[in-house]
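What follows is a single structure, and I will ask about it in a moment.
Chain naming follows the written order as A, B and C, and within any one chain the residues start at number 1.
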Amino acid sequence: MPDPRRRRLEIRDVTHVYEGKTATRALDGVSLDVFENEFLAIVGPVGSGKTTLVRIVAGFLTPSSGVVLWDGAPVAGPSPERGYVFQEEAIFPWMTVRDNLQFGLLAQGVPASEREKIVAELVTLIGLEGYERAYPKELSGGMSKMVEVARVLATDPAILLLDEPFGLLDAQTRSKMQDQLSRLWEEKRKTVVLVTHDIEEAIYLADRVVVFTPRPGRVQAEVVVDLPRPRSLETRFSPAFLELKRSIWKEIGRA
Amino acid sequence: MNGLWRRRLWRALLSVGALAVLYGIASEIGSALLPRRIWMVAHYLEDVELLPPYRSLLEETVFLIQSGILPRSVLVSTARVFEGLALGAAVGVPLGLSMARAARLECLLDPWVTFFRFTPALALLPLYALWFGLGELSKILLIATAVAVVTLLGAYQGVRDVPRVYLEAAKSLGASKGLILRKIVWPAALPQIFSSLRIALGLAWVTVVVAELIKATMPSLGYLLALAGAYPRVPTIAVGIVTIGLLVLACDAVALGCYAVATRWMKRSPAHA
Amino acid sequence: MRPAEAARPPKARRVWLGLASVVALVAAYTLLSNAYRVVDPSLLPDPIRGVLRPQILPPTQRIFDAFVQLVGAGASPVGGAYVHTGDHIGGLVEQRVTLQGSLLISTYRVLIGIAVGGSLGVLAGLLMGWSRAVDEYAHPIYILFRSIPPLALITYVMLWLGHGTAHVLLPIIYAVFTVVVIPTYHGVRDVADIYVKAARALGAGGRLLLSRVVLPAAGPFVLSGLRYALIIAWMTTVGVEMLMADEGIGYLLIGGGMWSSRLEVAGDPAVIVVGIVALALVGYAMDAGVRVAGARLTEWVKR
């Protein structure tokens, strides 16, 4: 379908094979576009190559074949332009919350006064006032994940890549984090690609959900989520939400 | 928690105290029963106190301190240990860091690191005595060699064990190689570097005792022990051993303290709490 | 968490580079150590003049000769009565000290140290890790004793045991003991603990618990402790032999017993280098043995 919006990320026929004793084909001819300020979610079972795909987009991996274009130019290596939030705990445990938040700014040579200002803003945004000098060990899992998201946002990336960011959290914390992320996105409006195996999470957050097949990953279906924003607890129980959930489960069942 | 620690302390004092009392009793009985003439290789040693009672130990300690022998020996030997430690770490740590970061360097150095790893540092003593003379340099280089090998491996392993996710996170935030080294690799590897330093410090004390026999000169704990052994004067040996033991204990406590400070940020597993 | 696995060159290339590095350095050393044949060292400026002498940097072929001589020393005829030559290698050959013989004696000492000290250390570690009361009473004493360098004990031990076999072995046993206790202790206390609870809940107890749960769970830690103990045992053995034994590789290295006085007699660097290389090789081989055997014993460990 033609889309009048600006196309930022183009994934063209990407295939990836992990070499090793037994070569594993993780992705098989994936093509996908992501548009300006769109929140795209990719869902699929474990091992469907979703993480491989975002790692390629981030520049950590080079695809075996196919290309990834960012604003029309091929991706070569990681860049702060494409912010990445990891599935694992990637908060630097030896740095305070404040130092974690300003690390990206430090890397870009932003002057100290400017850094302090941005850090102060972010701390307020994620509600961690008073924790600036705390080490990550003093934070809960959800809080430290939020610091990671904010750390990436600090450098104002053009796209946010979220690789199962809440995968290690318990269900309640996860839903709280989803609310917070949703509010954050509505406030900041960014291009986002979220990878998750949690279908509800995908629907709740995204404008569009792409369903992957089990290994090797291929795009099986695309579902547009036209739920109104801002989304809330009510959204999760609305008939439209449940209808979307049903249709995605159906797609997965067909794979 | 407090009660638990109090019990531990109490039990520790109790067992150490019991040991001290037992020694006291044994030495009193021993000085009456144990032979004072001992056949050694080709001649008799006279007047040997195999288990010197506290009285002789105290007299000996007072003498060694008042004569200045013990304080000066402690200073000299401790200085050697720390000079060797500093020199060895100054070579070992940067080498270990660069080996872990540069694959080609690692391949080139690997056989030599393995070689030194399995060479007992003490075996180098005669070679060093030959190369660097019978003075201070040989002693310190010997300690430094032992330290360098241990810290090199510690730094290398420390860098190798930095979780990949931290490096990738830093890279995707736009950090340069230098910044990653300073702010990610170094602090993440520091705990292992510190624990290798702690091991190296213990090894340095083992080495110094022998190294000080190269052209043995007097204020030094190693020679004090050897000299006391040659006479033999058991109270002197005992005071020497206890002094070295206490110094090792103190050094270890300092190293442990440094480690604790350097790893303030780390989560403590409950088992160690 | 996945450790940083930076792009490492393939294995063949690693081996090749390592080999090249060894060959290059040996070749460079050979050239350097033979330079005195070409240039008269006395014409060179001072520090170089002192170093470029075969008495300091033995030419590679001299080292090889020393190796051959030391291996064959047992077979060489002893000419008449014992004459003290004052020459390092000459003295060794006269006393029929061979490289392999010395290594064998030292290896035997190391193995006894590992066997006796290792079992005592594992036992102490097990007890301290298993029982909190034992830990609280015994740990402070262990720490006190651990702080004493084994080689510092040797003169005292000799007074008790005389100048024989035992006084050489005791410091080695002691060194191994102190090294093995802590890894075993941590293995039992911190790692096996959760499995012990699980096994107890399943009704296991006594010997079954010890042999099937505690020992296997602590096994990898005991093994890594043993590998370190091997290094310490060799270190201590060489030290003891240099100080006061009349055989073994440490004796070979300084060309005779009784410490300091001997050190002032110039040693032969060729003999020392042969001894050091032999020590490194044997140490490496023993470590490889423990590693391979250990990998078999603890096959279930994720690597």
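One rule holds in what follows: a contact is a pair of C-beta atoms (placed from the backbone, for glycine too) under 8 Å apart; a residue touches a chain by one contact, two chains touch by 3 or more.
These numbers come from a predicted model, not from an experiment.
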{"item": "Intersection of contact partners for chain A and chain C", "value": "B"}
{"item": "Chain at maximum distance from chain C, centres defined as averaged CA atoms", "value": "A"}
{"item": "Centre distance in Å when chain A and chain B are each reduced to the mean of their C-alpha atoms", "value": "50"}
{"item": "Interchain centroid distance [CA atoms averaged], chain B/chain C, Å", "value": "17"}
{"item": "Per-residue multi-chain contacts in chain C, two or more chains", "value": "1"}
{"item": "Per-residue overlap in chain A, given as positions that touch at least 2 other chains", "value": "88-89"}
{"item": "Residues of chain B touching at least two other chains", "value": "163, 165"}
{"item": "In the complex, chain B residues that touch chain C", "value": "7-8, 11-12, 14-16, 19, 38-41, 45, 48, 50, 101, 103-104, 106-112, 114-127, 129-131, 134, 159-165, 167, 205-206, 209-210, 213-216, 225-226, 228-230, 232, 234, 237-238, 240-241, 244-246, 248-249, 252, 269, 271-272"}
{"item": "Touch list for chain C against partner chain B, complex", "value": "1-9, 13-14, 17-22, 25, 56, 133, 136-141, 143-144, 147-156, 158-160, 162-163, 189-190, 193, 231, 234-239, 242-243, 249-250, 253-254, 259-260, 263-264, 266-267, 269, 272-273, 275-276, 279-281, 283-284, 287"}
{"item": "Interface residues, chain A side, partner chain B - complex", "value": "58-60, 78-80, 82-84, 86, 88-90, 92-95, 103-104, 106-108, 135-137, 148, 151-152, 155"}
{"item": "Residues of chain B touching chain A in the complex", "value": "163, 165-166, 168-176, 179, 183-184, 187-188, 190, 264-267"}
